[in-house]
Amino acid sequence: MKKIEAIIKPFKLEDVKDALVEAGIEGMTVSEVKGYGRQQGHSELYRGAEYVVEFIPKIKIEIVVSTDEYANIAINAINKAAKTGKIGDGKIFVSTIDHVIRIRTGEEDAEAL
Amino acid sequence: MKKIEAIIKPFKLEDVKDALVEAGIEGMTVSEVKGYGRQQGHSELYRGAEYVVEFIPKIKIEIVVSTDEYANIAINAINKAAKTGKIGDGKIFVSTIDHVIRIRTGEEDAEAL
Amino acid sequence: MKKIEAIIKPFKLEDVKDALVEAGIEGMTVSEVKGYGRQQGHSELYRGAEYVVEFIPKIKIEIVVSTDEYANIAINAINKAAKTGKIGDGKIFVSTIDHVIRIRTGEEDAEAL
Amino acid sequence: MKLRFLTLLASLMPMAAFADETPTLNSGDTAWMLVATAFVMLMTPAGLALFYGGMTRSKNVLNTMGMSLIAFAVGTLVWVIAGYSIAFGDGDLMGHGKLLLAGITHETIKGSIPELLFVAFQGTFAAIAVAIASGSMIERVKFSTFTIFVALWVLAVYAPITHWAWGGGSTLNFGEMDFAGGTVVHINAGVAGFVVAMMLGRRKDYGKAAIKPFSPALTVLGAALLWFGWFGFNAGSEVAADGLAGNAFLITNVAAALGVIGWLVAEWIVYKTPTLIGGASGAVAGLVAITPASGSADTMGAIIIGLVGGIVGFIGVAKIKKLFSVDDSLDAFWVHGLVGIWGSIATALFIAPYLKADDFALGGQLVAQIKAILLTIVYSGIMTAIVFFISSIVTSGGRVDEETEQIGLDEKVHGEKVINL
Amino acid sequence: MKLRFLTLLASLMPMAAFADETPTLNSGDTAWMLVATAFVMLMTPAGLALFYGGMTRSKNVLNTMGMSLIAFAVGTLVWVIAGYSIAFGDGDLMGHGKLLLAGITHETIKGSIPELLFVAFQGTFAAIAVAIASGSMIERVKFSTFTIFVALWVLAVYAPITHWAWGGGSTLNFGEMDFAGGTVVHINAGVAGFVVAMMLGRRKDYGKAAIKPFSPALTVLGAALLWFGWFGFNAGSEVAADGLAGNAFLITNVAAALGVIGWLVAEWIVYKTPTLIGGASGAVAGLVAITPASGSADTMGAIIIGLVGGIVGFIGVAKIKKLFSVDDSLDAFWVHGLVGIWGSIATALFIAPYLKADDFALGGQLVAQIKAILLTIVYSGIMTAIVFFISSIVTSGGRVDEETEQIGLDEKVHGEKVINL
Amino acid sequence: MKLRFLTLLASLMPMAAFADETPTLNSGDTAWMLVATAFVMLMTPAGLALFYGGMTRSKNVLNTMGMSLIAFAVGTLVWVIAGYSIAFGDGDLMGHGKLLLAGITHETIKGSIPELLFVAFQGTFAAIAVAIASGSMIERVKFSTFTIFVALWVLAVYAPITHWAWGGGSTLNFGEMDFAGGTVVHINAGVAGFVVAMMLGRRKDYGKAAIKPFSPALTVLGAALLWFGWFGFNAGSEVAADGLAGNAFLITNVAAALGVIGWLVAEWIVYKTPTLIGGASGAVAGLVAITPASGSADTMGAIIIGLVGGIVGFIGVAKIKKLFSVDDSLDAFWVHGLVGIWGSIATALFIAPYLKADDFALGGQLVAQIKAILLTIVYSGIMTAIVFFISSIVTSGGRVDEETEQIGLDEKVHGEKVINL
């Protein structure tokens, strides 16, 4: 089983979610994170002082899928929906999951997804 | 070493933590996430407009353990404590950790946990 | 490719970020988490009632690097910058990443980092 | 405003003071008007800023609050420079002669209070009117455009309408009853907001994404401050601390309470969910409804005016609004315009027996109310369009660019965040 | 309330106005009472809503604020319909004759102010009393049950007690000193809250989970607004802008300041941790303590009354409360009931030399105070139980279901969230 | 304060009241002063607490608010015990004879209001002065040190300066015009803050880490409440509800509005970013600037004084401050001290024609203003250093330990968190 972690721009969340659901992915977990990268943060003012916000708000989406095929489907969906072509669009990381359990039923692995 | 990631209902956090501690697990890291899955969000009102909250608040618990045995203990504890039997109870994902370091002492792997 | 997850004390974030950047690591994702471990939480008061805050605010830093060498550089940088020597300094977890994609360009793996 | 208003009612003691040849200052009346003015002042940068700010998405809260603040600041400036002269100077269609408060000193008396205090009191009305209209424009209007708009609108829209209703103009005064500004402030502001919302167009994600209010708690606090300030607005419009001010105070309070009840009950019937934003909006709706009637209704009248006000507000926002494609974002038209119309009509319908003139004729009064409503809708509608058009031109377009709208005006325009945890 | 209260004190100038056969309106007094009424109004939907809301868990903040809002709205309605008549109508055990304010016009004078204004002033007391009691019920009582309860409680509990203390009833008036409502409002509300807390039962996780207040900052702001409004409450109870009002104002301020100091010092001694919620609670405790004495104490008296009030409040909440198993969630009983009892006793103990009647007898006065306290505890205790029982029946149970309690009333009852980041 | 101030102006009606042998209470004036006092009270635990709290980092917000609360509580206590006696008792260099308000009863009249009310009014000035200074010390001063400092500073710094300016002292009174406390309160507090900031040293991460304000929304709300309260501050300093109070009210409002505009325009020119914290700060700067002139300027004067006040404030904070290495954290010196100096000079420059005495001499008046400014800077500077030194000794050091500074005072000192989501 594979886990796909995508770091995207916050305002793209709705689009990415829709794309994933359309592609048949029906479960995901998202969280608010801050990213540091090539994208330059904007600068904020505080009375006289100006400071650069280095950490930029991002959204992390985590999806666990049962097969590599599904992983590819998910990656494609995210890739398309999250892309603006501007710096800071984010990254997708894929790793391996050994085991999955659905708490409600005790189902395991592919069945739990 | 194994990493156990569990997505649970927020109000179950205390119970799950207690169960884990009782089972001998003494370290964990939790974060607030939002889940999308079978569980339907409630609908909220905003003056005239009604909208469905699709992302439901969940808690993610991450536990790194040294052995498969401990992993099973943790999984069982979470399974029992987090279960309500209703949709949305959440999932447990298990993956492999290559290496662990305790920052304070520099201890590594099993000793660092 | 390797993923390094470090749980650190919040006020060390700036130092760790600086150390990483200095070491040549130019991308990372951070999030706010709460930790449970040996470090005892402080107790808070609420009118007459005293309660112990068991979950202590921590910062999680995630860095994906292309090589084991880079992983070691990152680990060393974090280790040095995050250390206070007091309980609760946190942990570093290393795991394996199978695949990376940069959404903006579609670049993959090492090139995407 | 009492002066005009009272001619419609049975003669009342305090009139004496106004009729008097050499007016003298009354310290009790002055004490009350000092406070009433402060109360109405608080309504804009605190009351409305929170009421509106709490309903805005977190990425635009500061911009919304900023519009109330700048409305008060710029509104106050243009009011003392020329607005007061247009509204309360001599003249029929338009007042004049008091530019920069020429000729008024600390010893000049109006009624039984210092005229300078009267200037301040009326200035707070001008400012809140344009701030109310800002609710229709949030999350997309340029801050610079809005700033210019405030200045022009107060001078070209608010001041003339005030002059006709309260300031001494006669051709465009139909003998309507508008004690504290139901037509002058609320219908006027509601229409202005609606017109600008039409001109600006809808927010990109209006009707698509869920628009979550930043914090209903701030909205409730804002409504409570508005309610508090409204005592100055309504009972202050008596410009004296007397029995009619006491009457206005009580019925203002009752109508606000009934507005809360009306809106919540309507929500409960339709959605089974009484919301806090609904309760807060109901209070405002009840207050808007009673405003023109606050010098003439009694308790029973206030109960009906407030209750129906709350229900009409809810129906406007939850039902009628959907028939239109206009993104009146915070419902300035529905809560101030529509409910204001109800209040204006109700003013003629529910007059306290002890305040009704012997020769009062319902039919004629209703016609007067409707004429004033229509004049306000037409004049405010057209002139607002003109001044907003000019404001847009001056600032090269009235709407922020797409990226700013997406990311939020707080960050892009003001470089700030509503909350840094 | 001055009318009753003054008979206990050395004769005072302003009495003249009350004794006068044909009362005339005084614009200074009226100005002050317009403001005082607005001040007390602000205490409920803003002051108390924030004070309580800030101490509630984030999942229930809006529901808690909503209770203050609905208490004010429904309380205001039943007050003008029948509450005022019961409290201030003619009659010994119960007033009557002023249903829907029958016979009162804008020209009716009470003392030296319009009676309609007096109606509004007293109505704000009724509303805040029941809102104070809501603090004992939060996080579990049904919104519908509480709404019914507000109406019944104001009529059946608050209005009669007010009638005996201030409204003209004689059989149940013991000559107690209660200038601004120490017994009528605070002990009464504290007892009512406690009784309902007992009937409702404890929150599921009371004493188990950490109950973190949403935001002490809101609690401090709420306390500051309560403090501000309390000037209207206490100095307004003089119903005139005179020397006694000035005295009441100053000592109210001093007692509140000392309440802050008392609570913080006590916390510092016991826990080494002066909290902001403690400081805010101390201000309220000091204000509760001085309330009945605000027409009769001097500065030195206020220092002691406030300081001890703050300490008693802390001990009640931090120590004595633990001896009981009742989940009086926001400590309405401990901060208003217990401290109110201290204030009532202290009223007899600390009378300003310049306000003490020549024939003042401490023993007799203390008996009068205690009688009034006991009457309030017994009557409020029993009648509150009855009206809450009825309210529960009408709404099929007074407590929300377990899931709602777990997930939070904001989401489940109101469909809203206190803050959307 | 009128009494002193008026001698500089053309003779004014209300003077009569003060000159009168047997002063009598005026209910209108008393009504206004009851309210004005409440208004100024609100400025400290609500207005300033939010204005400052919103600009503090989230980990120290409660501590910052707590300083305003404790400043008001302790300030009030020492004021009634000895501060009032020093400031308004008889004597040249220092007043005496009114310890614990000896000899003052509810019947004692000052001007046309109860003296006890005057005590309360002036006490709110003492409290806010020291609370303003707290803005320079946040995020590092010990809560205990600050508490002691409040008591000592009010007695040793504030009360004497007040005595010289308003309380009857003659040797150190230069005939300066300071109607409502530009020198007494603002320059004094600004200098005090600066001195303590120097003594405390900079915050560890000052100039290194980004210091993000918790919430500009709170700062705006705080500024709105300050603005509201300032009507009591300035128009209340007339101690009567008359024409000069009306004049003071209007020009206070105008100057605040222009302060907002001045600061925002300056920000816009320099950074292209008008911030909400800037708008809020501008309002305060405008208000500080008009304070000494509020009894003598006219509308045109207020426009200039406020506009320049806003610009000077911005330049102080954004430019001049950087030339110093002092961590005046929330800019008490720049916004109150520097702008206060501008206001004091401007007071002599912009006198309304209708208020200018026939024998008014600009040169002499300017010298008087400058003398008073210098006296305040020198005296406040030296004595503040002494009392802060003593306060530090008593509490074994005035600064929290490094860990507390790092983790935050809210958690370490108060055991609380500003917001628990």
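Points to keep in mind about this one:
Note that the chains take the letters A, B, C, D, E and F in the order they are written out, and that residue 1 is the start of every chain.
Here is the rule we use: a residue touches a chain if its C-beta (ideal position, glycine included) is under 8 Å from a C-beta of that chain, and two chains touch if they have at least 3 such contacts.
A quick note: this is a predicted structure, and the numbers were derived from the prediction, not measured.
Common neighbours of chain C and chain D, by the contact definition above: A, B, E, F. Its interface matching that of C-E in over half of the contact pairs by residue number, B-D stands out among A-D, B-E or B-D. Note on interfaces A-D and B-D: more C-beta pairs are in contact across B-D.
Inter-chain spacing, taken between the CA centroids of chain C and chain F, is 46 Å. Look at where the CA atoms of chain A average out and do the same for chain E: the two points lie 53 Å apart. Centre to centre, using the average C-alpha position, chain B and chain C are separated by 18 Å. Averaged C-alpha coordinates put the centre of chain D at 33 Å from the centre of chain E.
In chain D, the residues that reach two or more other chains under the touch definition are 26-29, 31-32, 35, 212-213, 241, 271, 273, 275, 277, 415-417, 419, 421. Among the residues of chain A, those in touch with two or more other chains are 31, 44-45, 95-96.
Chain pairs that touch, as defined above: A-B, A-C, A-D, A-F, B-C, B-D, B-E, C-E, C-F, D-E, D-F, E-F. Chain C meets chain E in the complex at residues 44-53. For chain A in complex with chain C, the touching residues are 2, 6-8, 31-38, 54-55, 58, 60, 75, 78-79, 82-96. Interface residues of chain E, counted against chain F in their complex, comprise 12-13, 26-29, 31-32, 35, 39, 57-58, 212-217, 220-221, 223-225, 227-228, 231-232, 235, 240-247, 249-250, 253-254, 256-258, 260-261, 264, 271, 273-277, 279-280, 283, 298-300, 303, 352, 354-355, 419, 421.
On the side of chain D, the complex with chain B involves touching residues 55, 210-213, 267, 271, 273, 275, 277-278, 281, 317-319, 321-322, 331. Across the interface of their complex, chain D is touched by residues 11, 14, 42-45 of chain A.
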